[in-house]
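For reference, the structures are reproduced in the following blocks.
Common to both upcoming complexes is subunit A, partnered first by subunit B, then by subunit C.
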Partner chain A sequence: MILTVQDICKRFGQQTVLQGVTLSVAERRTLSILGRSGCGKTTLLKIIAGLVKPDSGAVRLHGTEIGQQLPEARNVVYLYQEPLLFPHLTVLENVAFGLRVRRASASEIASRTGRMLEHLGMESHAKKFPHQLSGGQKQRVAFGRAIIITPNVLLLDEPFSSLDPETRATMQQLFKQLAQEYGIASLFVTHDLKEAILMGDSIGYMADGTLTTFANRQEFINHPDYGATKEMEFWSSLRQQTTTEEYAASV
Partner chain B sequence: MLSRSNLDRAGFLLFLILAILPMAASLAYAAGYSVGLVGLLSEGFTWQYWARPFQEGNQIFASFVFSLLVAGAATAITLAIALLLVLAARRSLDNGLLAHLSTIPLALPGTVLAFLVLQWFSGSGIAARIAYALGLLQTPAQFPGIVHDQYGVGIIIAQVIVGVPFFALLFAQLWHNQRIRQLMELAQTIGAGRRQRVAWVAIPLLLHGAFPTVILHLVAVIGVYEVPLLLGAQSPQMISVLTMQKYGMFDLQQKPEAFICAILYTLLSLSLIAVAWRRMKHEQSPR
Partner chain C sequence: MSNRPANLARIVVVATMGLLFAAPVAYLVLVSFAKHWTFPHLFPPQVSAELWQTIWGREQGLASSVAASIFLSVVVAVGSTLVGFVAARYVSYHRWRRGLLFLSYIPFVMSPVVLGACVHVIFLRLGLVGSTAGVIVAQMMFALGFAVIFFASFWNAERKALGEAARMLGATTLQTYRRVLLPISRQPLLLCFLQTFLFSWFQYGLTVLIGGGTVKTLPVLVYLYTGEANIYYAAAASLLLMIPPLVLLWGNRAITLRFG
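After this line comes the complex of A and B, so read on.
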């Protein structure tokens, strides 16, 4: 396992946000975490990234405890809900940021950034500033900037929640493709049931600061408590109803 | 009742009548005076007054360079201190004691500010007496002359005192509006160390956001009057002081030069404002 989180607890004042959260992510795999707003998903991601300190519990990368490591030393990238780009940098400079930080040579930066922009389909926008991009384009750049440094784990905090359905579907595909191509392990947080099933190799459900994980999608779908079966039944009954109505109308 | 568009038109007309027209009329009069078309000395069109600023030993050119240097130095020092403050004491600037204290220098009139600087930094001022009491000087008169000096140090100190709290509060506001905390966190998870985050994210973003205000501040410092009048040297003088001096002289031959100073200062200000405006326009440019 590349990432192991064990028994993490966190309180803010009197409020318990996380209680005994345990999970693991295998290499090149994505764990989707489904949960409503305010259930502690963001806090969990920030603890893994090192931006928030847990009250207890352990975070391990490749089996090594990283609780005392600074966020910049973890190589775990946290992506915010909105595509947060550096507004004073161009698309090219945004994507190259992580390589510049690591003092990569100019030629390496140029070649890797060029290749990444090509993957993202953003070559023609390289010299644009973030305010000149659409929401989907910004998200592409944010992905590129995170993935170019091949992080140990990518943490995505509802990254598509502000996009329209069509762009959202495109971005889901693009993310899966990039994660596979660059061999990235990721933790994908969402409140959308369909998205959780679509994006995750395995799925977790979070409520009131506790996390229940499922080894695979089927196990999650079959569980009666999490609504997947009901949702599927709803869509199939709707389809059946529409087909019947269409048939009746044609007769 | 007036419709919205009529109200807009009326507002624009009022602005035109009260702000633009008087300014344009003054500039036209100044331009006419500077080429001998109007005024007591008027003898018909001539470029002779405009040739003077470019003649050797003329004060106008030196005064412009001096004003630009003083304003540039004051603005640079102000920005450096304000940046340090916002990076070191942002919480206190947000809603702590510093936020309240910062407003005090902002409320000081220029004359009072100049007087304070004079009290502290003149040859027999408080700073000289403290240095003498601490044994750093043998007599208070040994205190370096930083008021009425040829480098404009006194003027710079006064402008920094009033500029630092203003920019510190502006930077604290920008810190929230531009979501710099989140961008710093993001940069941190991408691998940026503390210095890199400050140098590559916080400082460029703060300066980027404050750019139009920095330009306006620069323009204001170039044209500031009371402070250089009370703290400046006889030569070189800040452009505002020189302009008023030439305007009020008994020698009427100097008057066209006062108008030339005013025109040149206006052109300089408008050019700087155009730079800020162009930058703002670029940032609002569509996809």
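After this line comes the complex of A and C, so read on.
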């Protein structure tokens, strides 16, 4: 396992946000975490990234405890809900940022950044500034900026929630492609059931600060408590109804 | 319908404003070139550049005052802007933000002179009274409070997240400041520098109190000349007092227009 989170607890004042959260992510795999707003998903991701300190519990990368490590030493990237690009840098410089702070050579930066922009389909926008991009394009750049440094784990906090359905579908596809190509393990947080099933190799459900994980998608879908079966039944009954109506109309 | 009354009113307002701003400056320029300008002459009977030629002489002390004022104001402005920028970041994201910000307001509750009176005894014990360092520290106490309050609203959730994003991509604290936080803060940094520079540049009471008459900045000289009824030197010193702020304001405008 590349990432192991064990028994994490966190309180903010009187409010318990996380209680005994345990999970693990295998290499090149994506764990989707489904949960409503305010259930503690973001806090969990920020703890893994080193942005918030847990009250207790352990976070391990490749079996090594990283609880005391600073965010810059973890090589774990947390992607915010809104694509937070550096406003004073061009698309090219945003993507190259992680390589520049690592003092990579100019030729390496040029070749890797060029290749990444090509993957993202953003070559023609390389010299643009973030305010000149659409929401989907910004999110692409944010992905590229994170993936180019090949992080140990990528943490995605509802990254497509502000996009329209079409762009959202394209971005989901792009993310899967990039994650596979660069061999990135990721933790994908969403409140959308369909997205959780689509993006995750395994799925977790979070409510009131506790996490229930399922070894595979099917196990999650078959569980009666989480609504996947109901949703599937709804869509299939709708389809059946439409087909019947169409047949009746044709007769 | 004719716009003539509205136009006339606009012209009158603009002319009045222009007169209010320009007249004192024009008067100062005139006085600084005047010689033996006494009542009942409406204009100076003699005009000469003699004063400006001798003004930099050592005996007048104007040159050293200009140098002292520039040094003091630049140190206070740079110091309080940079320290305030970093301090405000910690204050803004601290769980006791409100309490810490309240403390930053305390120098404003007192005027700089009252603040100077409060710290005078401590400064005396520390041997800071009568020294440039003492005046810098005293002025910084006020300017730093201003800078912290000024930057407190700048450090919002988005800027915090930008700093975090840089660190997660591998940037050290120094790299985060140099490559992200300082470049995105250029405008507020310039504005804060300008404000704190002006505060220090025009400061009189605190400088006299802590400087103990040894630290002679331009405002101190203006008051001195005015007290001696030396209107020619007072006018020249006042004009010199106006130059750096005008240059800074022009520079700030030029940078704002260039970089947006």
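Assume the second predicted complex is superposed on the first by the 251 of 251 C-alpha atoms of A that agree within 3 Å, B and C clash if a C-alpha of one lies under 4 Å from a C-alpha of the other, contacts with A are read in each partner's own complex, and residues count from 1 in each chain.
Methods note: contacts are C-beta pairs under 8 Å (C-beta built on N, C-alpha and C of every residue); 3 or more make two chains touch, one makes a residue touch a chain.
Keep in mind that this is a model prediction, so the values were computed, not measured.
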Item checked: Partners on subunit A (subunit B, subunit C) - clash or fit -> clash
Item checked: First (subunit B), second (subunit C), both or neither touched by A:132 -> first
Checklist line | First (subunit B), second (subunit C), both or neither touched by A:146 | finding: both
Checklist line | Partner touching more residues of subunit A, whether subunit B or subunit C | finding: B
Next item on the list: Go through the superposed model and pick first if A:97 touches only subunit B, second if only subunit C, both, or neither.
Entry: both
Next item on the list: Identify the partner contact of A:77: answer first if only subunit B is touched, second if only subunit C is, both if each is, neither if none is.
Entry: both
Check: Between subunit B and subunit C, which residues of subunit A are contacted by each of them?
Finding: 49-51, 70-72, 74-78, 80, 84, 86-88, 97-98, 100-102, 145-146, 149
Check: In their shared complex, at which residues does subunit A touch subunit C?
Finding: 49-51, 70-72, 74-78, 80, 84, 86-88, 97-98, 100-102, 145-146, 149
Note to self: Taking the touch rule as given, give the residues of subunit C at its contact with subunit A in the complex, in rising order.
What the structure shows: 158, 161-162, 164-172, 175, 179-180, 183-184
Check: Can you name the residues of subunit B that touch subunit A in the complex?
Finding: 178-179, 182-183, 185-193, 196, 200-201, 204-205, 208, 283-287
Check: If you look only at subunit A, which of its residues touch subunit B in the complex?
Finding: 49-51, 70-72, 74-80, 84, 86-88, 97-98, 100-102, 128-129, 131-134, 145-146, 149
